[in-house]
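Shared between the two complexes below is subunit A, which has subunit B as its partner in the first and subunit C in the second.
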Partner chain A sequence: MSKSATNWSEAGDGFTQAFYVQQQAQLWFSEEIPIASDAADWRALSPAERQCYTRVSAGLNAMDTLQGEVGMPLLAAGEEDHQRKATLAMFAFMENVHARSYSMANKTFLSASEERDAFEWIEAQPHLQRKITAFRRLYEEGDALTRMMASCLLETALFYSGFFYPLYLAGQGKMSHMGEVFTLICADEALHGTYVGLLFQERFAALPEDEQAEVRARFEALAREFYENECGYTDEVYAALGLASEVKKFVRYNFNICCDNLGLERLFPDEEVNPLVLNGIRTTGGTTHDFFSIKGAGGYSKIAVTPLTDAAVREAWDA
Partner chain B sequence: MDRWTELNNKVLAGGVVNPAHDGEALKAYFQEHVNPNTVFFHDLEEKVRSMTERGLWDAELLARYRPEDVKAVFTRAYRHGYRFQSFMGAQKFYAEYATKTPDGSRYLERYEDRMSMVALARAGGDAELALTLVDHLVQQTFVPATPTLMNSGKANTGRLTSCFLLQSCTDSLDSIMKTQHFAADLSKNGGGVGIDLSNLRARGEDLRGLKGVTKGAAAVAKLFDVLFRYADQAGQRQGAAVVNLSVMHPDFQELLAGKKIATDEDARLKTLSVCAVIPDVFMQAVRDDQDVYQVYPRSYEQATGRVFTDIDWEREYADIVANSQIRKRRVSARQLLQEIALTQGESGYPYLLFTGNANRANPVPNVGTVKMTNLCSEVMQPTLPSHFHGYGQEARDVVGLDVSCNLASLHISNALASGDLGGVVRAAIHMLDDVARSTNIEEVPAVARANREMRSIGLGAMNLHGHLAAHGLSYGSPEALAFCDLFFEAVHFHARRTSMEIAKGTGFVFRGFQGSHYHSGEFFRGYTEREREPSEGIAPEVRAALQGAWLPTREDWRQLVRDIQRHGLAHSHVMAVAPTGSISYVAHATASVMPITEKVETRTSGKGKTIYPMPGLSPETEWYYEEAYDLDQRRVIDTVATIQRHVDQGISCTLFVRSDITTADLARLYIYAYRKGLKSLYYLRQRRTAVQECVACAV
Partner chain C sequence: MILLYDSLTGNTRRFAEQLAARLGLPAAPLAAYAGGDALLLTYTFGRGEVPASTRQFLAQFAPQVRGVVASGSYHWGQNFGRAGRVIAAEWGIPLVAIINKSGSQADLERVQQWIVGQN
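After this line comes the complex of A and B, so read on.
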């Protein structure tokens, strides 16, 4: 048990503080976005489209719950450094904010029985259940390196079959407020994936070569297994909309990003991904939005408070 | 998924930006969408007959012209061979402006048809003027504000004006509820509404003799927040409004908290914009690091018989502080400014309105003081409070003065390229004058009164950055400032002279001209008394950017002032620089006088994501297209301060910062803007530090 306190004045590993500050700057809550304004769009979707939307959200809810309850807390527990623990704990907090935002969307768009059906579907969907069971086991029984690998795989690759549809619709101007929620979530997941990937790379680099080869092989086997599982999931969820092959391209693209984060070789050849969806996850820069109809995921963050000194006032006043 | 959407998104999706895909998207959009979905008419007669029979075009309007005159206008429109230059522009136009069949599936108007109808409608039966207007509209030397562009010439016309300021939310339940009614009415017809709350008694004041029971201004703001999400434009676009509250009002902090990220649902202002109204005394207290005393409006009224917005802070403040009968709340000015900065960081709001600067430059102090601003913070006119009563007691109502403002924007490059800037401005002012004369919003009496008596209009400009980039000038550089100074002075001269000519020609002079600073000539003293002409010795590249535009001299101004003193002016105000969203896309211009935000924009709206490369983006211009977030914001403020000298109202001025900015940095920008004479600051835009960047600088 810890007997010391976190000292943020120390540079630490040189990168953790930047991630902590970044997550803090990105802090958001679903209440900030008027998702009820999508109600008319929601009603205009076909039953198949609504079902797809509901299911991908439900699946993501389950994944975020797993990350918030098990994945991130165990990663935090496995680190010695206070700054790292704090950063991972804040990531865990955001995972729960994500899960809650899916639930808020359910509450807004679904009837009580539809909502119940969605949760029942999660418990019965075999690919989803396989994923949850396997990753829970990896977290609970694996070593630190395995946990990091699993976490990165989940957040950088396995979430994206679910992200595809909301981003695809938002790119066409449908469900755009929910689209903002997804863009905010993607920005968080990108941060988490990069950070955990860095932690992974640090430990990986310290291994002797034969162990590195073993880890590399283990990752590839795991990734292949769950890529197949993801394809099965995608087929079931997207078949009715005829989007399955597009979604799989996007999933492969994100598996490659996951490899980049872990510093391992890419698994799939580059291919052209749906540009709408790709532009939906672009977190650089932010977007120019119609300020009066959309809050804007490009947007706002907690900024640092620094006192206004006499010298600063004088300089601006006399300029 | 549509092919044009995919092509357009490809501009950015590859490893390198490729604007060529935008041209492909534009072509596909016309070939596969617009052309096959446009209703075909054999000739103009059939088109006119069909459109009037469908009840879409205004038959009465067309009957004011001879058929051959109507035909001449359409012919002229089509002769220009206009082509959209971006997918964004074409899509904006066809999705939002072109008239469609009632089910929205087919287009009944092409671009040229819409411009012809705007010209005919705004020329009011004058065939010659209609021809002049249609040339300008199709060539986009200036572009009217969205409602004028969209609704002109239509039979069941929506309103032509979309900018309103209400000073009617005064301190009684009747006035508050009446203002809600007015606001909903304006909003459902597409108006953006500014509402002043400063005269409301604060939370915890007395009500009907009961002590400490009132709920205050923030609670009323919450009512408006909900109202504008309900009273939208038939679901097409959300309603939009800003509430103004003085920093000297005790509820100010509570209102501000409503825009913060983590706040109670009952207090949160989800979509309502907020403006901080800041008098000089507050800024002086910031300078001296003193406390200010926020004044409880009800107690002030009981002690003095006057309302909060009557307070002349310069003259009265010391007495108020000394008067023990007036309830006050003490707060550190710097801390409050920090609170404003913090909230702007989290939400983009509030806007800042510096009433000292606005009132020092107010040309009509005889009418009243500037107390508030509008949704885009560029409208600056005096308002007077109204007082309303319950059903059946309307006779007791006091109708004050609100604001209705009609806006249009010059396209700087197109206006200069025409070779006749004076002609362009004259046409634009005539068009705006017609909009004002064609508007009568009886449902909101103080708005109708303002339009009738003041007939205010606001001509602004767009494509400043695009024009500077095309001429190899850096935004905010001394040369760019010299260009702004000369260009906007010329625009001001032409606009004011046209307003005088209209007064001379029609005999209409706005109410309040007598006794105004226009009448005394004081307003023009900077021009008429100057020792040297600003055009003397200007750099060749500035001269090149002006493209030979005629520039007024001190003698020209003196003559104009004499003419104004003799004939009066038709409009209380003639200029205001709006932010120009949609219309700058249609006209292929950079927005307003602001720097670009991205060389290639990703624009998100209720209609989806569109990729928009900046006008004329090329390896040559790229260097001059510095992005706003990379600029020292003092260059933006300097630009606006330069233009402001020639603008009787205000200028929408956005600040662009990165997420690593601190509250002190922001506060310094506020002080700088205030000292440079800016009347207002519009919202704050932030570019988030990207993950890649934070890894790059950390690892």
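After this line comes the complex of A and C, so read on.
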């Protein structure tokens, strides 16, 4: 048990503070984005499009829930340094914000029975269940290095079959407020993947060569197994829309980024990302963020404010 | 020409080393700089910021820097690799390429061609 306090005046490892401050700077909540403004776009989607959107969001909700409840807390517990623990705990907090934002979107766009169906679908979808079971086990039974590898693989690569569709629609000007939610989530995951990748690289570099080779082989086997699983998931979720091959390309692209984060050899040849997806990120990202405005790509609307009157203060004071 | 890199996660270093191997040129971290023409390879942090270490280097040696390559992450949309554009604008250094993480083969070829064209 810790008997000391966090000293932020110390430079620490030289990079953790920068990641903490960056996560703090990009802090957001789903209430700050006017997602209900996408209601007309939602109604204009075909049933197959709505189903795909609902399912990718449901799948991501399950993965973010795992990261927030298990992955990040265990990574934090595995570190000695206070600054690192604080940074990973803030990441865990954001994973829960992500999961909640998917749920808020359900609440906004789905009927109660559709919402229930989406949650039931998660529990019956074999690829998703396989992924959750395997990664939960890696977190609970693996050593620190394995946990870091698993976390990076999830957040940098295995989320992207889900991220594809909302970004692809946002790139066409559809569901653009939700598009911003997804872009904010992507930016958080990009930060988390880079940071956890750095922690991985540090431990990896300290290993003797034969153990490094073993870890490298273990990563490659895990990555290939779950790339295949992701392809099966993609075939099912995107079949009706004819987008599966584009999605798999995007997934492979992000697997390579995962390798970059971990400092390991890339697994797949270079490919281009679908330009509509890039356009989705470009048009919904980078807006002004502060605590007093509703965040949204479409403008800068003030959050609802109730003026405080003398009478209200007196009432509260006397109560 | 020396390939001078500022790297946090190893991506920029890896790109510089691959480029060095292709061209038979030296690659070194900023701290090892000992003068002469340089291609600066750096990264982007946060919402498109130039790393403090790169800023310190440029404050002293910008006139020797012939070009800049900036690594970034495509997730940042408009701010992807923005450090490269900031350096180009603030110090008048030509922007050679913006690369995603440790870059692609096409990025290596583009930067290689630029270097060959300098001689």
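The rule is simple: the second predicted complex is superposed on the first by the 279 of 319 C-alpha atoms of A that agree within 3 Å, B and C clash if a C-alpha of one lies under 4 Å from a C-alpha of the other, contacts with A are read in each partner's own complex, and residues count from 1 in each chain.
In this section, contacts are C-beta pairs under 8 Å (C-beta built on N, C-alpha and C of every residue); 3 or more make two chains touch, one makes a residue touch a chain.
What you see is a predicted model; the values in this text were computed from it and never measured.
In the superposed model, A:176 lies in contact with subunit B only, and not with subunit C.
Contacts of A:281 after superposition: subunit C is touched, whereas subunit B is not reached. Once the two complexes are laid over each other on the shared chain, residue contacts for A:213 go to neither subunit B nor subunit C. In the superposition on chain A, A:48 makes contact with neither subunit B nor subunit C. In the superposed model, A:308 lies in contact with subunit B only, and not with subunit C. In the superposition on chain A, contact of A:221 is made with neither subunit B nor subunit C.
Judged by the touch definition given at the top, the superposed model places A:261 against subunit C, while subunit B stays out of reach.
By the touch criterion defined above, A:40 reaches subunit B but does not reach subunit C. After overlaying the two complexes on the shared chain, residue contacts for A:32 are found with subunit B alone; subunit C is out of touch. Counting contacts as defined above, subunit A residues 15, 18, 22, 25-26, 187, 190, 194, 198, 273, 278, 282-286 meet subunit B in one complex and subunit C in the other.
Listed in rising order, the residues of subunit A touching subunit B in the complex are 14-15, 17-19, 21-22, 25-29, 31-32, 34, 37, 40, 168, 170-174, 176, 179-180, 187, 190-191, 194, 198, 272-276, 278-280, 282-294, 296, 298-310, 312-313, 315-319.
Interface residues of subunit C facing subunit A in the complex, by the touch rule stated above, are 8-11, 14, 45-47, 73-79, 100-102, 104-106.
Interface residues of subunit B, counted against subunit A in their complex, comprise 1-2, 5-6, 9-10, 12-13, 192, 229, 235, 237-238, 240, 261-262, 265, 268, 270-271, 286-287, 289, 334, 337-338, 341-342, 345-348, 375, 581, 597-598, 601-609, 611, 634, 659-669, 671-672, 675, 683, 686-695, 697-699. Those residues of subunit A that touch subunit C in the complex are listed here as 15, 18, 22, 25-26, 183, 186-187, 189-190, 194, 197-198, 201, 256-257, 260-261, 263, 266, 270, 273, 278, 281-286.
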